[in-house]
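For clarity, chains are labelled A, B, C and D in written order, and residue numbers in each chain start from 1.
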Amino acid sequence: MAVAKTSRAPETGLDADAMRAMYRHMVRARVLDERLWVLNRQGRAPFVISCQGHEAAQVGIAMALRPGYDWVAPYYRDLAVTLVLGMTPLDHLLATLARAGDPNSGSRQMPAHYGCRRLNIITGGSAVATQVLHACGAALAAKVRGEDAVALTALGEGSTSEGDFHEGLNFAAVHSLPLICVVENNGFAISVPWAKQSHTKDAADRAKGYGMPGVVVDGGDPIACYAAARDAVERARRGKGPTLIEAKVARLTPHSSDDDDRLYKRREVLADEKAHDCLLRFRTALEERSVLAPGDAEEIRAEAMREVDKALDEAEAAPLPAPESALLNVYAED
Amino acid sequence: MPVKSYIEAIREGMRDEMRRDERVIVMGEDVGVKGGVFKATDGLFTEFGEMRVIDTPLAESAIVGVAIGAAINGLRPIAEIQFQDFIMPAVDQIVSEAAKIRYRSNGDFGVPMVVRAPYGGGVHGALYHSQSMEAMFCHIPGLKVVVPSTPYDAKGLLRSAIRDPDPVLYFEHKRAYRLIKGEVPEEEFTVPLGRAATVREGDDIAIFSYGLMTRFCVEAADAIAADGFDCAVVDLRTLRPLDLEAIVGAARRCGKVLVVQEANLAVSVASEVAAIVAEECFEYLDAPVMRLGGPEIPAVPFSPPLEEFYMLNPAKIETRLRELAAY
Amino acid sequence: MAVAKTSRAPETGLDADAMRAMYRHMVRARVLDERLWVLNRQGRAPFVISCQGHEAAQVGIAMALRPGYDWVAPYYRDLAVTLVLGMTPLDHLLATLARAGDPNSGSRQMPAHYGCRRLNIITGGSAVATQVLHACGAALAAKVRGEDAVALTALGEGSTSEGDFHEGLNFAAVHSLPLICVVENNGFAISVPWAKQSHTKDAADRAKGYGMPGVVVDGGDPIACYAAARDAVERARRGKGPTLIEAKVARLTPHSSDDDDRLYKRREVLADEKAHDCLLRFRTALEERSVLAPGDAEEIRAEAMREVDKALDEAEAAPLPAPESALLNVYAED
Amino acid sequence: MPVKSYIEAIREGMRDEMRRDERVIVMGEDVGVKGGVFKATDGLFTEFGEMRVIDTPLAESAIVGVAIGAAINGLRPIAEIQFQDFIMPAVDQIVSEAAKIRYRSNGDFGVPMVVRAPYGGGVHGALYHSQSMEAMFCHIPGLKVVVPSTPYDAKGLLRSAIRDPDPVLYFEHKRAYRLIKGEVPEEEFTVPLGRAATVREGDDIAIFSYGLMTRFCVEAADAIAADGFDCAVVDLRTLRPLDLEAIVGAARRCGKVLVVQEANLAVSVASEVAAIVAEECFEYLDAPVMRLGGPEIPAVPFSPPLEEFYMLNPAKIETRLRELAAY
């Protein structure tokens, strides 16, 4: 396919291949995420928490990183981040089905508690915002050793109310750490809306309290997210310190498979969010720019479906952990 | 008497106290319109409005710290921590502040506050939605710690906790919420803090437990009763302060003691009960004081075989009882 | 004494009596504080932590409150705040000499851990910043009951790095609580300078992260401090929410009697701070405005000395607590 | 062998490890130019510079949380908490994160970090500069907890802690800093974690203790030796994991047990030791397992009569030993 001039995102230099890769990652994440819900409704997966509506932000931002070199402390919605970095649908299906081979935690943790040594994805727990400090520490270590690796962490807008968020961003600013903190603002912390979380307009306003740049970006536009992250990463690599990026995103599902969002989220709001689904938006944009030819999108989706089907078969065939293995890895074993 | 679930009893305990005393407020994450992630506060927002049922920002230290200040200034806050696992960011406010305010002001200030939190495993909640972290708080003078095991106690103890002039941590077993049902009178009643309850009589082995495990202990005791062993089951109910008299009385009477808890054993409530028995009942003991609890691993893992491995059940308790009976 | 026009601080409406009262409180605090150091050097007081250099800010701000009606959660330097509210040198000498009658804590706490039920001064512990949340709670209770009482809390600039500061200010802003948070910025947290505490110019910049006003005020000028506090108090009483006030002050002593500041604070900096001692500045200003006549300042100081002398005699004659009284007041006694 | 104070041994332990391994860094409040409020890090800033001796903002959760992240990314941080009392805001990072990271990643990530903090009373530090809060952490699987009682152990245990692949809480008695002196070899040595030490031999009563109290126990044991009672004093040194073998061995040999700690007793290390003895040594015991600790009050008060009332001393221990000896 000849790449027309318009097919290069001008502000970023991203070429058509890169944009197609972006779209492919978004679709993979969405298809996998949808499958997790099917498993949940079938009673095969006790718990699902989604990235749906966050894919554009996650993919755009993650593509600004060097996988396995930079450090990432993600949160439970960051499925698409992990896929961009190199984790696979199989990895996460093993976790969802609680199989021994789950590389995140050996199925000790609930699904969506990401971690991967090989890819420098720092294991996360459930307590929100704690990972911000771990990312600061990873950034500090890189700085102490004189490397130019950066650390990226992500959390929801509600989680910015926690003390650890404050302590981490302040620490990073004071010590000029190579940190990128991404706030994925979907407007709700379970049922609590942003207006009950903060008296500021934007989550990015929090950055002002730390003397660091706070950037608001359209989280439905992966290219804008990429650009913002790339700038922040460059800044960080040059030793110029941390950046806060707020991506305005939508939560297209209830908080998790345990939640019923009808109680607190108006249906029109959700309908509007669905009408502006980032996948639709990006597909349309890429088709308009002829980065995607007619039929490409369907093929990408079909390919993702095949990948997930295959992974699911493999995951289902994989063994559960042995009961007594629960005793292992409390301390380093010698 | 109407039969209620454990969580209904808790909800009604809050509701009735809020009707009775307008100083009582509820605050926490998602306690308002949503009625809490377990629905413990369902209906309170509608009945009492947003001034008394407050959705807080996502910040546990603030939930507890603000409740402390509100209690000092005359309210009776019930602070909900969404899962006991997430009480940790509030430990400083609980341990350094709430527990010490009366003492450090030589009695001038008090903190009549309840911190409610669901604890316990067996619900596929994995490491951070399954913990039993009461031990850390039971060490702390100035705190009271309550864990009910029946709907009756849940309501009665909660009402006492709300009326108590000092900070009370009130931990609810999340698996008990819908599993455990029982009779709860319509009329007003309370259950005093600091008193254990003998929920099964017996002379051969004294079993001490609390929360959901109490129920499992009764089932295990019933199972071995067929073989002629008569176990007393004492539900501790208040873990700080412990009911010394009840503990020493039952241990002396039976001469054999098993302490059962869901949490891991090291430096725990079971340790304390065993230590009390070892100190106060020496001449009455016919066997080692035994403890049964979770393994020494950081928390309950997710995968079903691992979770089952962690969790106690009546069969595991029965095995231990038979060992002790045979001693 | 005829009060000339110039003797009324024009922006505040403070009359000459009020300004003299201000000066008197500042002097009382200074004289008492100096005496505490003497006791320490004599081996009669194991621990002293000072308000020296903070008096103007503390007195100005505290005078904007209604004692016994508003709530105050002060910190260990707020000696002058407590005096304005109605505590006495005797109260604090009883604490310093660890006497049973100390109204702050019955000498259970170290000196400078203020508390007074009668005056709504909330007992403070040693862990910094925790009191911010207590003040929020007191403010919330006032709001719930529909009273127009406000809550004021104070802390050092270093303590704004703690998570509780963040959680408290955010909570207050979201719930529009009648809170005034005073940051007494003396440039150091023990040995750590502001530049290692925050990457912002001012501590007041922290307010931007919460969508609340952040006001910087010359902490050496009690009238400016009064004006800032009065505005914040009015705002709060009208239900308009919290304000952060940063008072730029000087720490004229080492951190505490256990500290040696020569290691980390340049002597020229200290000399300069002493040259601009707020007591000197205010005295000069009042003398220039003829609010203080020649000799007034000396008389005020002498009066304070007499008050402190008398209080010290009384405190020394007061009994220590009975050993077993250590067991009391763990829980409410019935 | 040169004689060093307890704090010198700690300082040299850090210094020697920093010389040996450039991954070791120190971070905390005032640890840099000032060298720490107790001077534990004195000289390190000058020798190793601001990249390895880091003055942090005043934020304990950050101190620990950043140390965790740095440890994950290859450093060996020593995080100083200025007083153990102020560790509370970091409890979430310690208990929910550091303790569980190896477990939750199924062994893929580890946290080789040491958290140092001065604990203990007797220095007019009052409620918040005197606490002994080790019990809360000793409950937690995934943590190691160390409390040295001599300069030799202080240095040797600290070096082991720094080299340990898992998070170690290292608590230093602040009154011991200058009070306790002892021989410390110039050559490199370590003291293994998880091993108690018998610091006084004896067959009549086994005394278990740790930290400054170990010294007081030895003094008390010496005092009653004149009357023919021979007490063993076992310094636990590592409080998690406890040295079961040493505890059971000494308790069985002596048949009488006293556990002594500065902290209040409820749900504490003393409870755990007593429970272990009650479970493992039943047939060897000649007397109730006794515990001696601080009273059940929130912390050590300031005023000298109150502080003396709180604190143990050799005379109080001796009284208890005589009771036990007479049993």
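Quick note on the criterion: contacts are C-beta pairs under 8 Å (C-beta built on N, C-alpha and C of every residue); 3 or more make two chains touch, one makes a residue touch a chain.
Every value quoted in this text rests on a predicted model; they were computed, and no experiment measured them.
Interface comparison, A-D against C-D: more C-beta pairs in contact at A-D. Distance from the centre of chain B peaks at C, each centre being the average of the chain's Cα atoms. Distance from the chain A centre to the chain D centre is 41 Å, each centre being the mean of its Cα atoms.
Centre-to-centre, using mean CA coordinates, chain B is 30 Å away from chain D. The distance from the centre of chain C to the centre of chain D, each centre being the mean of the chain's C-alpha atoms, comes to 37 Å. We define each chain's centre as the mean of its Cα atoms; on that basis chain A and chain C are separated by 46 Å. The residues of chain A that reach two or more other chains are 105-106, 108-109, 113, 125, 127, 161-164, 167, 170, 174, 196-198, 330, listed in rising order. For chain D, the set of residues touching two or more other chains reads 57, 59, 61-62, 85, 88-89, 92, 96, 100, 103-104, 127-128, 141-142, 296-298. Within the complex formed with chain D, the residues of chain A that make contact are 71, 73, 103-106, 108-109, 113, 115-117, 122-123, 125, 127, 130, 132-145, 151, 163-164, 167-168, 170-171, 174-175, 328-333.
Across the complex, chain D is touched by residues 61, 85, 88-89, 91-92, 95-96, 99-100, 103-104, 127-128, 135-136, 138-142, 240, 242, 263-272, 274-275, 277-280, 282, 285, 287-291, 296-299 of chain B. For chain B in complex with chain A, the touching residues are 29-30, 32-35, 37, 55-62, 85-86, 88-89, 124-129, 295-298, 301-306, 308-310. The touching residues of chain A, when paired with chain C in their complex, are 161-167, 170, 173-174, 176, 195-201, 205-212, 241. Within the complex formed with chain D, the chain C residues making contact are 46-47, 98-100, 105-110, 113, 125-128, 158-159, 161-164, 189-192, 196-198, 258-259, 263-264, 320-327, 330.
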